[in-house]
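Think of it as A, B and C in the order they're written, each chain with its own count starting at 1.
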Amino acid sequence: MAEVRIELIEKRIGQKTILPPLTLTVHDGEFFVLVGPSGCGKSTLLSLLAGLDQPTAGRILFDGVDVTDLEPRERDVALVFQSYALYPHMTVRENMAFPLTVVPRAKRLDRKRIEEEVERVAGFLGLSALLDRRPRELSGGQRQRVALGRALIRKPRLFLLDEPLSNLDAQLRASMRAELLRLHKELKVTTIYVTHDQTEAMTLGDRLVVLNQGRVQQIGRPHDIYAAPANLFVAGFMGYPPMNLLSARLGADSIRAGPLDLTRPPGMPPVDQAQSVTVGLRPEDLVVRPANGPGDEGNGLGVVRLTEPSGPTLWVTVELNDLNNEAFTIIGTAQAGFVPKIGERVAVSAPRTTLHLFDPTTEQRWGAG
Amino acid sequence: MGRHDDQGRFMMNRLRTRGLTVCVLVVVGLFCLGPVLWQAVTSVKPDQDLVRLPPLFPERVTSVHYDRVLLKSSLPRSLANSMIVATSATVTAIVVGAFCAFALARLPITGKSVILGVALVTSMFPPIAVISPLYLLMRELGLRDTLVAVGLTHAVYSLPLAVWLLTSFFQQLPKELYQAARIDGCTPLQALLTVIFPLARPGLAVAALLVFIFSWNEFMFALTLTASDATRTAPVAVALFPGLYEIPWGDLAAASLVVTLPVAGLALGFQRHIIAGLTAGSVKG
Amino acid sequence: MIRLSERAWGYVFAGPAFVLVSLIALAPIAAALWLSLRQQLPIFGIDEFVGLGNYLQLWGDDRFWAACRTTLYFTTLSVSAELLLGFGFALLLNHLSDGAGKGLRWAHVMIILPWAIPTVVSAQIWAWLYQPDYGLLNYLLVVAGLTEGAIDWLADPDWAIHAAVVMDVWKTTPFAALLLLAGLKTVPQELYAAARVDGAGAWEQFRRITLPMLMPVVVIVLVFRTMDAVRVFDAVFVLTGGGPGNSTETLSIYAYKTLFQTLQFGYGSALATAMFVLAALLSMLYLALLRRHVQGSA
């Protein structure tokens, strides 16, 4: 178990900046998720933490001890690779025992103890029947478990996972997510988990950091990030379907956001007249209703272009025109019991409290300073 | 009726394809094997049949040439020498080359282009040019007229090939395997010995085969670095085949076949690996 | 316990190879270059620095130019024959492989044999075939009615070099064929299908698809084979020893004789260096051609 502090870590190759200076603290025993689109630097950061790569500048501390110059083997970390990286020429048993068999002879457990440890971890992961198979004889999910077992057997201080679920099919992914949470609850090892999948990040993390091009966009608990995205990038990246973003004029008591006429949220401080903002509306907050009620126009009228049923909710893509007759498409949720047809005229209404406002020039959350 | 026609045409087509295949194989076979087969025929002809043509094939085959070559000449000694030289050259080149290739493929060393440049120059420079300095060097090292000198030279001159092949082989192994071994607590040396080399066995085998065949067949270094029957390798023995007044063609034929046998065996047994090794890189890139 | 950085391990791993190559290959190469600037005649006790004297002497040496011509003649003839023949074999075998996989296996078995045979042995095999009185070649030619008397292939200055070329072609065509065959296999079949749909005939398909796609392999074969042909030694040395006269004396053989028969170490090294320059120039020429081809098609 360890607290991990990353202080101004930086990675450059020649003139090219792979990772601009970055500072981050992961608490002891936490399940911490690094999430961002591919190329955001999350895998580089993981390599630096594991000691597979050396930073150009900055320090990494485990429990206050500087480990920046230590080799991987001296850091006591475990890493589960996206490709699992199981040794193809070894059986499951040999794969899992491997970390225990390569430690210097003086510190090595005797063979019987190693065997017991393998049996114990295998039982824990439901691998007992597969110990004498080779990796190529296993299914994707089983390989995943072996990779976890190989990582767990050493009882590492820090557990690193690099997109471990991305090679599994959707159903298996859901059950492995639950499994990972169970493991973490029982073992309480500090875990850093890298993914590009925001759903995974939201469901797994105690806390998460959103990265883009190597820069921290926001750090926080999943719900806080969802409820109050710090900037336009986070707003667009976290949540599915993505948040509707519309440029808008902020008036004295109304907001004109493209085709939508919105009411100012309560408690919002007064502003200078006619300011430009970007308004963000989550599809789950926008309600699409039949437009036949007299005078019931909601915040705007439009035509249904596409419907996407997704379990309990029905996503509706609506095309609306603003005052200059310019077309906008936004995604909303059909009102309970309402199944719109393509081409049908509908009303779209947004509740007052769940507006997200962003400064269009700085792209930061409006009023966040 | 139409069905019969179709079947007939199908059979004809198959026969034609089969016939074409056989034709091509016969042409290629005559070209490639003809001269060797003639040598084989020669090696079992009695002496009196060697100085007349026709008949092409002897009425009676004899093993006299093989008896002479294997029992009454220094050829067995030369074969043993070749075996020692080729084996030790192969082991040296593969061990030294594998470590170097891994460093080139996966480790962050500087000067990789320098090493590759050296390899290129080494393999381009005419061997004839280095022979006299090499001879002087071996004399200084006290290795003149020893098998060590020949084996070492063969190992070094086949190193560029071995390193080049193995580097591309190591690059094909997923780099996560090495990283996983490092995370699991291996030193780089442990990672190589327990994970990388066992996985690279096919590549190591291909490189070893090519080095062995090169060393077994090499003539110029072996000729100049050895001076006596005790150290002479098989190709040198075949080139300097003793003949008092006339060339003993029958004995020579037997000797050449015996000398060819080990490499021909390797080449035929492992032809798929060898072809993969020869064509690696040159075709992909 | 020793602690080394990843980079340091890299140097430890590459070290032995570097030491061996420096000692056994680089040092002798440097020594050869140094020797080529000296006049060394041990029998007369002469050993002095002569600068570019050896190279100037080379310039006026008729035997050197004759060896150059012989080498280039041998190289041009054998490399182009190997390439054409190899191409023919590769196309035939590629055709085979469409239907019967077994046929290709057999072809591989046969084709690898001349490649694997020691060059010295193949020279002896051919020396026996060329033998004027009981050699198979003369016998077959007479039976076929192509010649009347026996031709002494290796003793006739006009025939000897060609006899060497034929032997070399036999020995190394398989190598060219193997590489070209592997190259043919990498040409995506869809390209031919597309070309057929576009109305290209067999010849057009070969000229517009096969040939350009195979160009890099062709250049590699050319480079490998040219390097070897320019440096040719064992084949010709065992077959003819450079004779008759000096009609088959290639640069390697001239250098060998200069070094080991007349013991002129300086002059011999200059000869060898000239060979290296020739080989390097030729391969640079090929690479330039390849680059132009690649740019032209891009």
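Note that a contact is a pair of C-beta atoms (placed from the backbone, for glycine too) under 8 Å apart; a residue touches a chain by one contact, two chains touch by 3 or more.
Bear in mind the structure is a predicted one, so any value in this text is a computation, not a measurement.
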Remotest chain, subunit C as reference, centres from CA atoms: A
Chain pair, most C-beta pairs within the contact cut-off: B-C
Closest chain to global C-alpha mean, per-chain Cα centroids: B
Separation of subunit A from subunit B, taking each centre as the mean of its C-alpha atoms, in whole Å: 56
Inter-chain centre distance, subunit B versus subunit C - centres from mean C-alpha coordinates, in Å: 16
Centre-to-centre distance between subunit C and subunit A (centres being mean Cα positions), rounded to whole Å: 60
Residue list for subunit C, restricted to those that touch at least two other chains: 6
For subunit B, residues that touch 2 or more chains besides their own: 187
For subunit A, residues that touch 2 or more chains besides their own: 71
Subunit B contact footprint on subunit A (complex, rising order): 50-52, 71-73, 77-79, 81-83, 85, 87-89, 98-99, 102-103, 150, 154
Subunit C contact footprint on subunit B (complex, rising order): 17-18, 20-21, 24-25, 27-29, 31-33, 35-36, 38-39, 42, 50-54, 92, 96-97, 99-100, 102-104, 107-110, 115, 118-119, 121-122, 124-134, 136-137, 152-153, 155-157, 159, 163, 187-189, 192, 213, 216-217, 219-220, 224, 234-236, 238-239, 241, 247, 249, 252-253, 256, 259-260, 263-264, 266-268, 271-272, 274-275, 278-279, 282-285
Partner subunit B, residues of subunit C touching it in the complex: 4, 6-7, 9-11, 13-14, 16-18, 20-21, 23-29, 31-32, 35, 89, 92-93, 95-96, 99-100, 103, 106-129, 131, 133-134, 136, 139, 170, 173-175, 178-179, 182-183, 186, 216-217, 220-221, 227, 230-231, 233-234, 237-238, 252, 255-256, 259-260, 265, 268-269, 272-273, 275-276, 279-280, 283
Subunit B to subunit A touching residues, read off their complex: 174, 176-177, 179-187, 190, 194-195, 198-199
